[in-house]
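Before I ask anything, let me first share the structure, which is written out below as C-alpha cells.
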Amino acid sequence: MDFRKIEENFFKVLMIFSTLIIFASLFWILIIVAIKGIPAMNLAMITQAPKGGFYLGKEGGILNAIIGSLLVASGSTVLALILSLPIVLYINVYLTKKSRLAMFTRFSLDVLWGIPSIVYGAFGFSIMLFFGLRASLLGGIITVALLIIPIMSRAMDEVMQMVPIELISASYSLGANRLETALKVVARQALPGVLTAVLIAFGRGIGDAASVIFTAGYTDSVSFSLFRPVATLPLAIFYQLGTPFPEVQARAHASSLILTIIIMLISIASRYLTKKFKSFVVK
Amino acid sequence: MDLKRTIREKIATSIMLVFTGLSCVLLFVMIFALYFRSRPILFIKPIQDLLFGTVWAPSRGEFGFFPFIIGTLWVTLVSVAIAVPLCLLSSIYLSEYAGARIREWTKTPIDLLAGLPSVVYGVWGLLVVVPVIKDYIAPLFGSFSTGYCVLAAGIVLAIMIFPVIIHISVEVMGYVPREIREASLALGATRWQTVKYVIIRKALPGIIAGFMLGLSRAFGETMAVLMVAGNVPRIPKSVFQPVYTLPALIANNYGEMLSIPLYDSALLLASFILLLVVLIFNIISRLFLSRIERSIR
Amino acid sequence: MGFKSHIQVRNLNVYYGKNHVLKNITVDIPDKKITVIIGPSGCGKTTLLKSFNRLIDLVDGVNATGEILVDGVNILDPKTEVVDVRKKMGLLSQKPYPLPMSIYDNIAYGPRIHGMRNKKDLDKIVEHYLREASLWEEVKERLNEPASGLSVGQQQRLCLARGLAVEPEIILGDEPTSALDPASSQRIEQKFLELKNRYTIVVVTHILRQAKRLADYILFLYMGELIEHGPAQEIFENPNQELTREYIRGIIS
C-alpha cells in the first residue's frame, strides 16, 4: 500500500504542475500583450492610419488595419453564413443522419476543417490568378470565407443535431413543409448556437494571417474598395514587428492588444450564448 | 397560397442542394487547383529531386524541399513531445481529481488559448521564448543558439495545441460511466490505479484522437513558427539550430514569388504537398482510431 | 439484541450539499447474516450502503458525520485509509459493469492492484472465484475474451466473482438482481444464501418478496430515517411501526 500511495502522490504533484504550466503560459501571453500593448495605445493609434514611408512611417496609427480586419472578417463571415446555413439546414432537416449525402458532406466538412490556413491562402491565390484578381479586399473575403465555412458549419451542425426530433415531427404534423420547418423551427430553436458558430468563425477569420497574406495584400491607407489591397491586424503585427523602429513596433503591439481584446470579447460572448442555449435544450 | 409555398420550397431546396454539393466538391477542387499550379515545376524536375533535394536556391533554379519537410517534422515532433505528457497529466487532473467547479473555471482560459491568433503566439515567442533559449537554455546544454530554432517553434506550437488536446481528452474521460469508476474503487484500487488501468483504457481512442488532431494542427501552423524558427533552409542538426518549415516557406516568399521563374510553381507545389500530407494523415488516423475503438471492448 | 455485530453505525448523518439524505442512523449490522435494507425509492438505502464502502466520497459536496465502526475502526474517520476499507467490502451493483478488459483480467484486477503478481497464483484465484460464482464452466474456454461479450446474467456473476476475489469480509448488494432476468436473479439469490456462512451480506432491494426470501435481518428506511429494524421474521409478521406495516402491505411504494 505504501508504494501505491507514493505513486499516487508523485503523479498528483506532476499533474498539478502540468496544469499550472498550461495556465501560466496563457497568463504570460496575455501579460506580455498587455505590457507591450497598453503603453503603445493612444487616441491617434486607433483613429489614424500610418503616416509616411512604406510601412516605416513613424507616426500615425493602425486604423488601416482595424478597418481592414473588420471588413475582411465581416465580409467573409456573412459570405460563409450565406453558404453554411443552407448546407447545415439541408443535411439536418431534409436528409436523415444515415443518408449517404449527409455523411459525405459531414466528412468533407470535417476534412476541410483540418486543412491548414496557409493552404487556403495558396488556394485562394490560385483562384485569384485564374480570375485575374489582384490582392484585394475581395480576394481576402473569399479566401477567409472558404477557411471559416467548415468551422462555422461544424459548430452549427452540432447544435442543430441537438434539436429534438419531436419538435420537427410536431412541425410537420401541423402541415409545415420542410423549408418552413427548417427556418421557423430548427433554425429558431438553434439560434443561440448558430450565433455562437458565427462568432467563433468571425474570431477565427479576424485573427488568421496565413490566409490573407497572399490574397488581401497590405496597405498603409484605410481602404474600403473591394478591388484594392487592404491591411489586416495580423499582418500589421507581423510586418511592423519585423522593423527596427520602436515606433513602428509599438504599432505592432497595439494591433496585438486590439486583436487579443476582440478575441477575448468573442470568447466571453460565445460562452454566454452557449449557457443560454443549454437552458433551452429539452432533455 | 399553397402554390407560393411550394415554389418557395422548391427554389430553396435547389439552392441548398447546390450549396451542399459544392461543399462536397470543394476539397477536390482544392486538390486539383494546387496540383494544376504545381505542374510547371513538376514537368521540369523529377519528383525525387524535388522531394529529396537538399539545396534550396531558387535563383539558381534549385528547389530541394527536403530540408523543409524534415524541418516541419522536427518542429511537429518537438511540440508533440512537449504537449503530450503535459496535456495528458493535466487532463487526468481536471477530469479525475479536480472538482466540477475547477473544471468549469478552466473552460474559459482554455477556450481563450484556443482562440488566440497565431501571430500573437508568435509575438510572445519572439519576446519571451527566443531570448530565454538564447541566454539560458542553450548555454545550459553547452550549445550556442540565436534563440531562433526548432525548440522555440516547438515550445510555441506546444502551447498552441494544448487547448485542443485537453478539451478532447477531458471530454472523453468524462464519458466513462461513473459506475465503472465505482467498480474499480470498490475493489480497493486507488484513484491513480483506477486512472491507469480503467479510465485511460476506456478513453484511449478519444485521447489518441485528440493527440492526432493536435499533431495535425502543429504540422500546418504558419505564422507563429515563421516568427521564431529562424527560417534557414538547412536540415537542423539539433533543436537549437534554426529550421524552415513548409508553411513558413510558403508564407515567407510571397513577395519574390512572381519574379523568379518557377518560384510560384514551387511554392504551390509545397502547398500541394502540405495538403496531401495533412489529408493522408487525417485518413490514416481515422482508420487507426476505428481499429482501436473496435479492440477496446 | 443477542447477536454478534460486524458493522456498527452510530448517529450517521449524510448531506448531499444542503440535502439531508440520511438522518441520524444508529443500527448494528449482524455478522455472517444477510441484512436487507428496504424502503421506497429515494429514501436513502443506496446512500447508506455506499457509506459502508465510502463510495459516497465520490459525490460532489457530500458531508457525513457520525461513526461507522467496522471491526472496531471508524471508517468515516478521515485518517482511515479508504483503500483498506474498500478492500473489506465487495460491491455488487444494480447493473453489472465489467471492466474494459478480458474475463481473466476482470477477476485478476483486484488481486493485482493489491500486489499479487505471480501468474500461477492469479490463475488459481481466477478459477476459484469463477467457480464460486458458478461461472467457471461457461467461460473457462474463453478467459481472454473481452468481458463485455458476456450476457447480462453472466456479467453479474462475473462482477460477483470479481468482488469476491479481493477476499472481502462483507458483501454489499445494491439491488443486485434488478437488471437480470428471473433465472439469473434466482442464481444470484441462491449464491447469497450459500455465501452468508462465510460473509456478512448487506443487500438493498425494493422487491419485498426478495427481501422475504433472503433476509435474516431487516432495516426499514423511509425518507432518510431508520423507522424500524429487527430480525426478518419479526418485521414481516409483527412490525412495531405503523409505517412499516403499511410499506409491507404494499401501500407505500
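What to note about this one:
The first chain written gets the first letter, and so on, giving A, B and C; residue counts start at 1 in each chain.
To be clear about the criterion, contacts are C-beta pairs under 8 Å (C-beta built on N, C-alpha and C of every residue); 3 or more make two chains touch, one makes a residue touch a chain.
Small disclaimer: the values here were computed from a predicted structure and weren't measured.
When every chain is reduced to the mean of its C-alpha atoms, the one closest to the centre of the whole protein set is B. Seen from the Cα centre of subunit A, the chain whose own Cα centre is farthest off is C. With centres taken as mean Cα positions, subunit B sits 17 Å from subunit A. If each chain is reduced to the centroid of its CA atoms, subunit B and subunit C end up 49 Å from each other.
Our note on geometry: subunit A versus subunit C, Cα centroid distance of 53 Å, whole angstroms.
Along subunit A, residues 4 each make contact with two or more other chains. Of all residues in subunit C, those touching 2 or more other chains are 83-84, 113, listed in ascending order.
The set of subunit B residues touching two or more other chains comprises 190, 193. Those residues of subunit B that touch subunit C in the complex are listed here as 99-100, 177-190, 193, 197-198, 201-202, 296-297. For subunit C in complex with subunit B, the residues that touch the partner chain are 53, 55, 58, 60, 83-84, 86-87, 89-91, 93, 95, 97, 99-101, 109-110, 113-114, 146, 148-149, 159, 162-163, 166. Contact residues on subunit A toward subunit B in their complex (touch as defined above): 4-5, 7-8, 11-12, 14-19, 21-23, 25-26, 28-29, 32-33, 36, 83, 86-87, 89-91, 94, 101, 104-105, 108-109, 111-112, 114-119, 121-123, 125-127, 129-130, 146, 149, 153, 177-180, 200, 203-204, 206-210, 213-214, 234, 237-238, 241, 252-253, 256, 259-260, 263-264, 266-268, 270-271.
Across the interface of their complex, subunit A is touched by residues 5-6, 8-9, 12-13, 15-17, 19-20, 22-24, 26-27, 30, 33-34, 36-37, 85-87, 89-90, 92-94, 97, 106-109, 111-113, 115-124, 126-128, 159, 162, 166, 190-193, 213, 216-217, 219-223, 226-227, 247, 250-251, 254, 267-268, 271, 274-275, 278-279, 282 of subunit B.
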